[in-house]
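Reading through the structure tokens given below for one structure.
Naming follows writing order (A, B, C and D), and every chain is counted from residue 1.
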Amino acid sequence: MLARVEGEGALELSIKDGKIEKLHLRIFEPPRLFEKLLEGRPYTDVIDIVARICGICPVAYQMSAAHAIDSIFGVNVNPWVRTMRRLMYCGEWIESHALHIHLLAAPDYFGFENVVAMAKQYPDEVRRGLLLQSLGNRLLRLLGGRSVHPVGVCVGGFYSAPSVDAVKTLLKEFKQALPMAEQLVRWTAAFNLPDDQQLFTSVALCHPHEYPMNEGRIVSSSGLDIAINEYQNYFTETHVPHSTALYSHFNGQPYLVGPLARLNLNLGKLPSGVRQLITESGIAFPSNNMFHSVIARAVEIYYAFVESIRIMEQYTLPAASCMDFSPKAGVGYGCTEAPRGILWHRYELDEKGDVVKATIIPPTSQNQARIEQDLQTSLMSFGLDHGDDELRLRCETVIRNYDPCISCATHFLKLRVDRS
Amino acid sequence: MSHSFYYMARDQLQALINELRARGYQCIGPQVRDGAIVYDSLADCTQLPRGISEHQSPGRYVLSENNSQRYFSWANGPQAIKPYVFAPRESLWRCEKDNTGQLRFTDLKPAPGPVAIIGVRACDLAALYIQDKHFLQEEKKDPYYLARRQKLFLVAVNCTHAADTCFCASTGDGPRASYGYDIVLSELDDGFLAHGLSDKGLELIKQLSTSPPTETQLQQADEEIQHAARRQTRRLPSRNLKQALFNNLEHPRWEEVAKRCLACGNCTSVCPTCFCHAEDEEPALDGSGSEYFRQWDSCFTQGHSYIHGITIRSTTAQRYRQWLTHKLGSWHDQYGRSGCVGCGRCITWCPVGIDITEEAAAICGENIDA
Amino acid sequence: MPNPYLPYEAKIIERIQESPTLFTLRLRFTDPVIHKDFRFEPGQFNMLYLYGVGEVPISIVSDPQDEHMLDHTIRTVGRVTRGLAALKEGDRIGVRGPFGRGWPLAHAEQHDVVVVTGGLGCAPVVSVIHYMMRRRERFGLINIVQGVKHSSDFIWKERYDQWRKAPDTEVLVAADAGESLWPWHVGPVTGLFDDLKFDKDRVIIMMCGPEGMMRVVVKYMLAQGVDESAIWLSMERDMHCGIGHCGHCQYGGKFVCRDGPVFCYKEIVDLFGVKGF
Amino acid sequence: MKPKIAVHKFASCDGCQLAFLNAGEDLLTLAGMVDIIHFTEAGPIDEETEVDIAFVEGSITTPADCNRIQRIRKNSRYLLTIGACATAGGLQALRNFANAKEWVASVYAAPEYIQSLATSTPIREHVKVDLELWGCPVSAKQVLRAVHDLLFGVTPKVELDKVCMECKRQRHVCVMVSKNIPCMGPVTRTGCGAICPQVGRGCYACFGPAENSNTGAMGVWLQGLGLMPEAIAKRFLFINSEAPEFRAAGTQWKSK
């Protein structure tokens, strides 16, 4: 889980005779042991606890947990709740993707140390990014009171419904900002990105009618199509000595989750307007260029704007913002599309609704193995004879492209190259 | 008095609202939100809590439905008119600093439009009278309060229902509204008796379709108000409690109540007469400007009695004692009466149900009626 | 009607460091009309606003008839005062006032006067001493008793020396702790009282300082047969608005900012010394 | 010369750092006013240069971090903690009440690889802290105000009052009185804007204890609302379990 993933990164690289002999991405994030501290806590606490696994995508954690617990209690949410969960997810995608694009990715591609330096030369682009990010946060606040660790979500729905006026006000701003989200897609599509075609398996949720967020089956580009509760039959998590992150494999192989995988597998679910924009931007999806992830994020921001506007335009007050239910013992699964990819939860509750056991598999740990694999390939095609600094920058760029929760740390990727 | 009452059918309430709106008033009225009857913008009578009653006890407030067609068959909710005159938070002024270091102050005094509040109770009118005395003293009038106060039009409603926590009869402030309003209504089964006190109020009533009330109607209205008074079980002695309280500053009850009291400030926030506030400001990050504001404070906070290095009232016992001795005691020195109007809000909305009448009685002991 | 909450801009004309932690700001309102019309009595205070930080009540120490000066002597203790201490000549602050009730100077005329200050309390009474010295003939015997924590807290030595030279004027100084060359009394200020000369029936006591000290002085004076109504003291409580609205400075039924800060002991006798008020 | 600032991260969720990254225009303003020396999430990395203000997010949970915080303290003129992790050990401090070794063993297949302390402790237990900002997460407003004050040479103001005060200023209906919902507002420090009562739920104390918190009376009232002692203990032992007041109250209810 993320708690075991994010944090300082270091890369150990042994190069022998022009070949990579060993490549280890080390993760030092101090373990926070969330799965254990969940044990014995009432189901009501779960939503608030799991949010704290990640401050950047707390809603994803809340959503996966809410769905898992809903399923144990046999809660069928009403259409209002279902739609509002989607709306809230839109907020998180916008916030998280905008943060990634502007604070982490763009400075890389434009050759700036960081966003602050970049803002001096590209003030409009950076401001646009900050504005989009802030609108994502506003949406989170609308439904959750605040954008980090929002407090509105509960098992069965929401503690309360936002007022029609509040929705209207925000809707107006979303409509005004829509053209900016569109510009963002065109802007990222024009980035001078490396052409780095790779073979990888994409894994994402797939829903019959909509671009996946909260619901769907787990599918892969290699033909997998399973219910979320079957996940552990196909995917395995292993612990390697060099990292506090657990590594996930699908059929023993690394795989990709996240915006690029999502887009590759769900293009057809996008509204035609969004597809049109993709076509106009000149990038062909599905894409095997890992660096197209950044464009996929921009596309998802744009889509989240379109979707939020659609939802907010139809907003009415619900009869109930939360379903009635009574706690039951059982096992439940939740899997939703966090900004960084599928986030899988499994809970076992007792008859009071207290947690007996929790398992949380975040996207970043699912991408770990894939990142190492990518680094291997990318470095070989980049050329190992580059100096350490150049190698490090390249590695950072590759890693950052996955928007892992260690992204922060990979800004100072400690690279240990052993060129014996 | 009877000659000045007008009878109006129930539908005339909407007509009254319409008349007010036509005169540019923003109407505020009671309505159900989050499990309580609160004041909010009102355009239509259907928003009113028709057929709703409320049950109050220390630390508890529950709504229930009744079969009545009445709009006002409940006693007061968590807020009075206080927030509409003394805002929970408001900016006072802005200061800008230019690059020569010059400061420019801008007054942020509000310029509100006219506001009509419908459903005001006797206790709240009494409280408003007290707040007027506080904020609008001779010399230094509070311009922020004044700006709103001048724009108020008050439609009072005589209480026909008292909550278990009400004790306005013992403070002499209710349940009949006797001053401070523009129009007062007495609700009957099929309509209202209306009385206009101000010229504006009278003029408005004349726009409605009214008829002279019958003797029975007048009697019934009166009887219902008296019934509400009789129903009240709690009371404060009507005499000045100041001496009794200040004679008992070392009473063990202060420590005892402090064990239960959360010092959370809810009592002072819901109290319609409490006026304490704190000032603070919000500077722009780069120092280019700063907005100076005030917000409700409470004698239960640490900051209320802080002077450098010393908190004069660091314990809950001292804070509770400050509140009670002020409210029921030294208030007499300041405003010639007690600061309590018997609305009972501090009893209901104390999260742990501390009862001002019970504490006052315990502390004043047998002196209470002496 | 002017908004009593709105400060006026004032410029620091001079900044005087009186001691390591005490400094005086000499102010002038930038609007000359405001400056000209500004009237106050010794013992009154202003709310000084430090831009972006906050407002604090500070006594006015200059002479009310000296139009050129508007002086505030400030001790650096916390957030705002530390910020004020960092200001220089030419810097601007906000000022509104004057607020409160000052010393009973008209009443004190033809009386003996004992001025007692202690701890950091000297500032609010300095103006009153100045006032009397300038109009020395109107008053009877004047005793000035000053207690400080440490001898290094003692400021304005020259002024004290000056005052001592005035006719019928006694200046007594004590420090709780002193350096070896400290010429005055070492020990609590109350140790000086027996040296005081005044006519108990026609004396006015004015004091300012820590409440503990004031309590002792009150007790002493009452024991000497001084009447309650002849004892005046300046109180300090938290203040935000300065005009009796915010409620912080309540002292029983009084608002210190409006009914004080200078009180006749008789007015507050019931609560004076009771902890928690 | 511009003041230098640093933002450091220990065991945490990164949520408090977002107070900066979500600040929008203010982030750019800040960048113009100071030199950001170290802030991994925003780019700059340099733990060695001395800074004027260091913000610390996260709790101490590993031997390496014990040393790192000492280094950071040495390099920082003014050190302030942001958030529940840094100020009160955070949610992960719940391990302090359990057998952390067992926990590690049950989460990791090869616990011998995991370098972790048995406890999660607030920064104040390791080095001198000049100012603590509470909250999980801290509010951006609070952080920016503190930054402003420090940059202008003033001691920042901290919130001390209870959530109830803000709850009433926002004119929310008390959930405890009207709905019998347990609410920790009366013992919790304000700063969040009373957002839990706003959405109709009880406060779960993510801003830690307020000044003069009567945890005793709070617990008794919660019991009256129908909570079992164990459940009451969990209310106190949650996000700020290392705050002394909450720790004491929680431990007491746990043993009942």
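Basically, a residue touches a chain if its C-beta (ideal position, glycine included) is under 8 Å from a C-beta of that chain, and two chains touch if they have at least 3 such contacts.
Computed from a prediction, not measured in an experiment: that's the story for all the values here.
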Q) C-D versus B-D: which has more C-beta pairs touching? A) B-D
Q. Distance from the CA centroid of subunit B to that of subunit D, rounded to the nearest Å?
A. 37
**Q.** Centre-to-centre distance between subunit C and subunit A (centres being mean Cα positions), rounded to whole Å
**A.** 64
(Q) Between subunit C and subunit D, what distance separates the C-alpha centroids? Give it in angstrom. (A) 43
**Q.** subunit A and subunit B: spacing of chain centres that average the CA atoms, whole Å
**A.** 50
Q | For subunit D, residues contacting two or more additional chains | A | 148, 152, 157, 200
Q. Which subunit C residues touch at least two other chains?
A. 52-53, 78
**Q.** Per-residue overlap in subunit A, given as positions that touch at least 2 other chains
**A.** 160
Q | Contacting chain pairs - touch in the sense defined above | A | A-D, B-C, B-D, C-D
**Q.** Of subunit A, residues touching subunit D in the complex
**A.** 3-4, 6-7, 28-37, 41-42, 45, 48-49, 52-56, 58, 95, 99, 103, 107, 113-117, 119, 126-127, 130-131, 133-134, 137, 144-149, 151-152, 154, 158-160, 238-239, 241-242, 244, 246, 405, 407-409, 411-412
Q. Any idea which subunit C residues touch subunit D in the complex?
A. 52-53, 78-80, 82-83, 86
Q) Touching subunit B in the complex: which residues of subunit C? A) 1, 3-9, 30, 49, 51-55, 77-78, 90-94, 236-238, 240-241, 243-248, 250, 252-255, 258, 270, 274-277
Q | Complex contacts: residues of subunit D adjacent to subunit B | A | 26, 29-30, 32-33, 144-145, 147-148, 151-152, 157, 160-162, 164-165, 168-180, 183, 185-187, 200, 211-214, 216-218, 221
Q. What residues on subunit D touch subunit A, complex-wise?
A. 9-18, 21-22, 24-25, 27-28, 31, 36, 40-45, 61-62, 64-65, 90-92, 94-95, 98, 100, 103-104, 106-110, 113-114, 116, 120, 136-137, 139, 192-193, 195-196, 198-201, 204, 206, 231, 234, 238-239
